[in-house]
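Alright, structures below, take your time with them.
After this come two complexes, each holding chain A, first together with chain B and then together with chain C.
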Partner chain A sequence: MAHEGHNALHDLLTVRGVTRRDFLKYCGSIAAALGMSETMAPQIAAALEGAPKLMPTLWLNGGSCTGCTESIAQVDSPDVATIVLDYLSTNYFETIMAAAGEQAEKQIEETIAEGGYIVIYEGSVMTGQDGNTLLVAGKKGTEILSEAARGAAAVIAVGSCAVDGGWVYGYPNPAEATGVQAWLNHEGITTPVVNLPTCPVNPEWIVAMVVQLLLVADRDVAAFVEKTEWVTRSYTDRKYGAVDLLMPKGIFGQSIHDNCPRRGHFENGEFVTEFGSKEEAMGYCLYKVGCKGPQTFTNCPVVRWNRRTSWCVEAGSPCIGCGGLNWVDNNSPFFHRLADMQMGDALGNVQPGSVGAVVGGVAAAALVAHGLGMKAAGRVGDGPPMEEMKKYDRKRLAKKGGDK
Partner chain B sequence: MARAVIDPVTRIEGHLRVECEVTDGVVKDAWVSGTLYRGMETVMLDRQPEDAFYVTQRICGVCPISHSHASSMSTEAALGIEIPNNARLIRNLLEAAQFLHSHILWFYTLAALDFVSPINALSANIADTYALAQAAGTRVADFGAIAKRLTAFAENGQLSFLGGHYWDHPGYVLPPELDLIATAHYLEALEMQAVANEVVAVIGGKFPHPMTSVPGGTAFVPTEQKLDDILFRFTRLKDFIDTALIPDTLAIAPFILETTTYGGGCGNFLSWGVFDSADRDPYNRFLPRGFVTGGLTAEEVGPDDVTEYVEHSWYDSASGLNPAKGETSVNFDEYNVDNKYSYGKAARCKEKPAEVGPLARMVAAYVYEAGGKTLVEDTSVRTPKALIDLTLEALGVAGKPEVLVSLLGRIAARNLEAAYVVDLALMWVNELVGAIKGGDSSYFKARESFDGQGAGLWEAPRGSVGHWIDIKNNKIQGYQVVAPTTWDIAPRDAAGVAGPMEQALIGAPVFDVERPLEMLRIAHSFDP
Partner chain C sequence: MGSHAHYREAHPLVFVITHYINLICMIMLAFSGFYIHFPFFSAGFMGVARGMHFVAMYVILITLVFRIIAAFFVKTATQLGSREVDTDIKNWLPQAENKHQLFETVKYYLFFRKEGVISGKYGSLQKIAYLATIPLTFIQAYTGFAIYAPFMNAGIFASGIDMVGGPMNMRIIHYFGMWVFILFTMVHAYLANIYNFAPSKIIFLWKETLPEGKH
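Then we have the complex of A and B:
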């Protein structure tokens, strides 16, 4: 490889005591997370080796619970994944940075003045109380985002709150939360925004995006946009109107149901109907206790969580669709299927403000797609075929003796 | 007279501002302000109780498990459900994993940088570092390699998250060798907190925001393999706590002994109690419930003893309400320390400000044991009183537990609690294995009722957490949360009495108002 012995990667590997073989293996998993073939691993490694000095990064916390920061701490450490993250010089990162107060704020100013940085934004954009629902150093959170985003090469919105307001946007949205893209549209800021939903963000996806932006695309945002496959999801923010969101297709292009290890039981009509039961011990499908895997598009079953230890369904909980848009309104009550809601009091369980979002929104209906043997692909933001989905749900529930 | 301000306070969960009036190098008055409002309680209205379990934990990404447990417990209290014994053990294990994650992360990643300078570590002598590690009984690492890595980091000119800080502040007093040891353990701690969270992932699917402690018990059904995975990880954590966290605490303490002379605060300690015992009595939890306001006695305390005041908070709802009747109507007004200055409400216990967190819990447990009661039958578990007494002896203040009511005491209490909790966790894994082998396969109890009111009072690593729920016809009519931070960062109440962190700041020395390191230390000691 080029520059062997003289580059940052080589030094990092040596200091960390990581073998080249382990490193290549890791690059393979990054490739997988990006939806590329694992044979791309050497190319990723080569790109890493040629990488120039660190990319200045401002990690900004909006209306967050700090869960996405926590999540990024849950990568393989101190080994391979951290090496990738070491390519970011996180000049501002409230939760871990040594400096505080004035000294911390200076870091933002200086980074913006120098330019050539990226912004990673965690948490909702807080517009309530005239923007005063979030104050940092006496400044409105919205102003801090706008100033930082304007000069950034790119913004990565991590976690559902940053993507579309997350749970904070849940009806009636008392703090008037919104997502980064919606806010930047409103402010007329055109910096590209990459969206990584789920609550919190899965850290492997951030690593994958960092590799893609810094290394594969050599920090060239245009190349980054061009070399990555995207899906566009569209939704309507109750305050800021229609929003299109860019998401990497390798991560958000397939439904959870598609890759779920319990899928065989779904096909066989073998369901868990009570938590902690013997059906759960046998790993039956969680559809009947409300699993939103069929309508949620993320690769959670593949990448899993906490260094690939497990994931929601494996532990016995239905997916609550935290990777969907407006997930709290669209997916609660979490233990019910759409069919139940319909059979109950005609969508009466859905928050009044969210009905429109469900019908016109983004709960992409892979369920029907798969039930009918079709493949979901490409643009999935045109709204789910609700009627078909309900019909499918009804049919399943009515099936006599089929479900165990 | 000068104003010293830290805004934002970094290395915490959330958004916080600390302002102090400093005269002759001493804090005369202090105001602590929570600067974020999100409105969880309002978002929960009209939803179903199980939805609250999933959503309300998202108040805090560092302690979601405790919120989820308090939420499920409130629903269970409202609907009259007692969860099966296996579910009790599994929740205890999940909660324990979070405590260990949180305490390890707090000490090394959040708080240590107030005392430890990785920059100063650059001048450490490597041989002396090994000698010091051995003398302190703390674990060795490849100190040479770490020094090299630090040097590369510094020479590159991009200090990243260490940039911009006042490392030349005279408050950084550790010898460079100790700085290097602590920095090495800082890196190892990153690994260990992730190991703790692998336990969370095994049981709950993921961290943050695990999925399985649903109202009624748990959705997680362990297999032999999973129990092994859990046991293995707790064993690793115990090793790290015994060979790094505790000896590091004891090695650093002698250099910062002056921190036993300030930072104590209001001296009222509240613990709702955490880690249920088989009898489910909150006063017999492994960290028991109690309210201690001085001396070695604890008062009984319950959900009715809580009131929240908003005279100095940005709300226009009524003040002085119990959370069962609580309201949340936000109304921002300018930041004005003489009037309203925080999104935090002033929570009061029996009308007094109350410190919550590890110090409060360890005090409550100490009082329990000092009263002659046995916390744990299993003698392999090091109990709070034993751990505290040993530490006091090591610091040369044997028999003086009152020394704990200080900045250093608050730091030490958290780390000692970790030692106790990891022992408990190992005990519970074995108990669970025994129960399952004995044929107990019950993990969940379905509910039969759809109406009721209840409170779930529990403890997060950072302190007492309470969720209050009012359910009618399966819909949430009322939901209130009193989070740990609400207690500690409380602003003044109706009577103008300052909150616990504010009181801890008052009287503290500040060497340089432009670089108020001491204020930062006190704020961090609460793990806000």
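Then we have the complex of A and C:
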């Protein structure tokens, strides 16, 4: 992915057979991701084309399945996202760079030495066994991240794993995985971190951030942070405590449920109860089969996936909430309405509905038993004989009497 | 405890009405809540269920605020079998008669003592339960608004969502809140009517039950 001769973007696009019209359409969808009007597409196109060269970039992999890389690199036909990302001058990209061995690792050192770069981090930060759970070229993954992030203009944490540890963080988390922001807090590194959750990351969101950096902030990272609208989501990491995460509001500010094309079916009470049923074929709402859309805040329904082809619910699957925080623990089982409550080894995972029913049933049984007791004690009807005086007063009087 | 008279002074008409509103709202909230939690029949009901929930939630909150304010103006009986009245708030909060009686009341209900315990307008446990419904309703409203799209991004709700570990957990807390109200209602209805149905007659029909012998 390293750059040979920095062609202007439109040359690149032409070479890959992307028409001007496709490109503008693409920029329109980026505008949507940024919460701008689609009429901004030409300006976005101009900004991308006018940029001589983007910032040097290090794409680092932590404890990842490489799914996020797959998500952006699935080029069986020319895709604008890939080309734009190609256009970031990526100096290091483990999975797809040409360089290998020492030469590749040297790229990191050189980029850091030159400065003015951004880090894109994919995967969780594996802190277990003093960081030895992840070694790259004999070096701890945690050290590589710290060194690169310290001098970076910004870090973009792509995918849920980089955001808060993702599914790797799911209980019991033997690798002690955590997110980039939690790790940088722990290391005292204050480089701004942009968080782009979902599993994997949607390439459009990275591109949207790149466009924002170019168009709105003119490659000035401080201005970029200042001028972008953010939502701050906070969570408590089991190992590192409270963490505040910066996420672009245009992408993560609204629930999926509020933009879902099946919302009409939801309001009408038209639900899929079983997969493979007539209701499923009719495209009814997936709420009852566990859709986490009401609790998940991404604009998947607007931007969609796989080059704006479709997205989970449109493809017939309930949203499993991959854009949320601690998303596996908070959303599993995926086909149940509510998450299980983790009640330790003795009780295992229990559905809230079962807890409610058991508590209600026990209470009802207890009341019946108590009622029988009241009857047996002869209290029903006129009630018990009443005390003449409070026991407390009786005791006090007796004591006084004894004192005399 | 069982055989005393039930006069209208204990529950003036205005509180008979607020009690009805609370009951109806609670039934609507629990029914629609169950439906929102898991739509157990189809037939175009989700929009109705949510509408029902949203109307009832505002009504119950307004009624609660009204009920609290009214407590400072309306006079109610100081004892259940009596026509002697005083400002309601004094009879609603613990009275002198309730002092030192909490433990004895628990003992009474667990059959560790035979005689009924002296109490104010209500018993000690009863007062704790009635007063607890106030913060519980506000907590239920808070968790409810926190999962309601128009409010969930507002500062105090957003920070609460973060605190409990996300909107899913907030939903689960709201769901358990419902069970707290269901348990309260079960115990409340049971204890109110365990001796006889005179309490229901006065609170629902506003019909007095006179002391033994008088008719």
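Throughout what follows, the second predicted complex is superposed on the first by the 303 of 404 C-alpha atoms of A that agree within 3 Å, B and C clash if a C-alpha of one lies under 4 Å from a C-alpha of the other, contacts with A are read in each partner's own complex, and residues count from 1 in each chain.
One rule holds for everything that comes next: a residue touches a chain if its C-beta (ideal position, glycine included) is under 8 Å from a C-beta of that chain, and two chains touch if they have at least 3 such contacts.
Here the structure is a predicted model, which is why all the values come from computation and not from measurement.
Enquirer: Just checking: does A:236 make contact with chain B only, chain C only, both, or neither of them? Give me first, second, both or neither.
Expert: second
Enquirer: For A:171, select first, second, both or neither according to whether it touches chain B, chain C, the two together, or no partner.
Expert: Touch partner of A:171: chain B, not chain C.
Enquirer: When the two structures are overlaid on chain A, which partner does A:66 contact: first (chain B), second (chain C), both, or neither?
Expert: First partner only, chain B.
Enquirer: After lining up the shared chain so the two structures overlap, which partner does A:258 touch, if you call chain B first and chain C second: first, second, both or neither?
Expert: second
Enquirer: Looking at the overlay, what does A:97 touch: chain B (first), chain C (second), both, or neither?
Expert: A:97 sits against chain B, while chain C stays out of touch.
Enquirer: Chain B or chain C: which reaches more residues on chain A?
Expert: Of chain B and chain C, the partner in contact with more residues of chain A is B.
Enquirer: Tell me which partner A:204 touches in the superposition: chain B (first), chain C (second), both or neither.
Expert: The answer is neither, since A:204 touches no partner chain.
Enquirer: In their complex, what parts of chain A are in touch with chain C?
Expert: 231, 233-236, 253, 255, 257-258, 266-271, 287-288, 292, 294-295, 321, 324-326, 330-331, 337-339, 341, 352-353, 355-356, 359-360, 363-364, 367, 370-371, 373-374, 377, 379-387, 389-393
Enquirer: Can you list the residues on chain A that touch chain B in the complex?
Expert: For chain A paired with chain B, touching residues are 11, 15-17, 53-54, 56, 61, 63-71, 73-75, 77-78, 82, 88-91, 93-107, 124, 126, 128-130, 132-138, 166-168, 170-175, 177, 199-200, 274-278, 280-281, 305-307, 309-317, 320, 322, 328, 332-335, 349, 351.
Enquirer: For chain C, which residues are in contact with chain A within the complex?
Expert: Chain C residues touching chain A: 1-3, 37-39, 41-50, 99-101, 104, 108-109, 111, 114-118, 147, 149, 152-153, 159, 162, 165-169, 171-172, 175-176, 178-179, 182-183, 186-187, 190, 194-196.
Enquirer: List the residues on chain B that touch chain A in their complex, please.
Expert: 5-15, 17, 35-40, 42-43, 46-48, 50-51, 54-55, 58-62, 64, 84, 87, 105, 109-110, 113, 142, 145, 148-149, 152, 156, 158, 160-167, 187-188, 190-191, 193-194, 197-198, 200-212, 214, 216-221, 223, 229, 314, 328, 330-332, 335, 343, 441-444, 446, 514-516, 520
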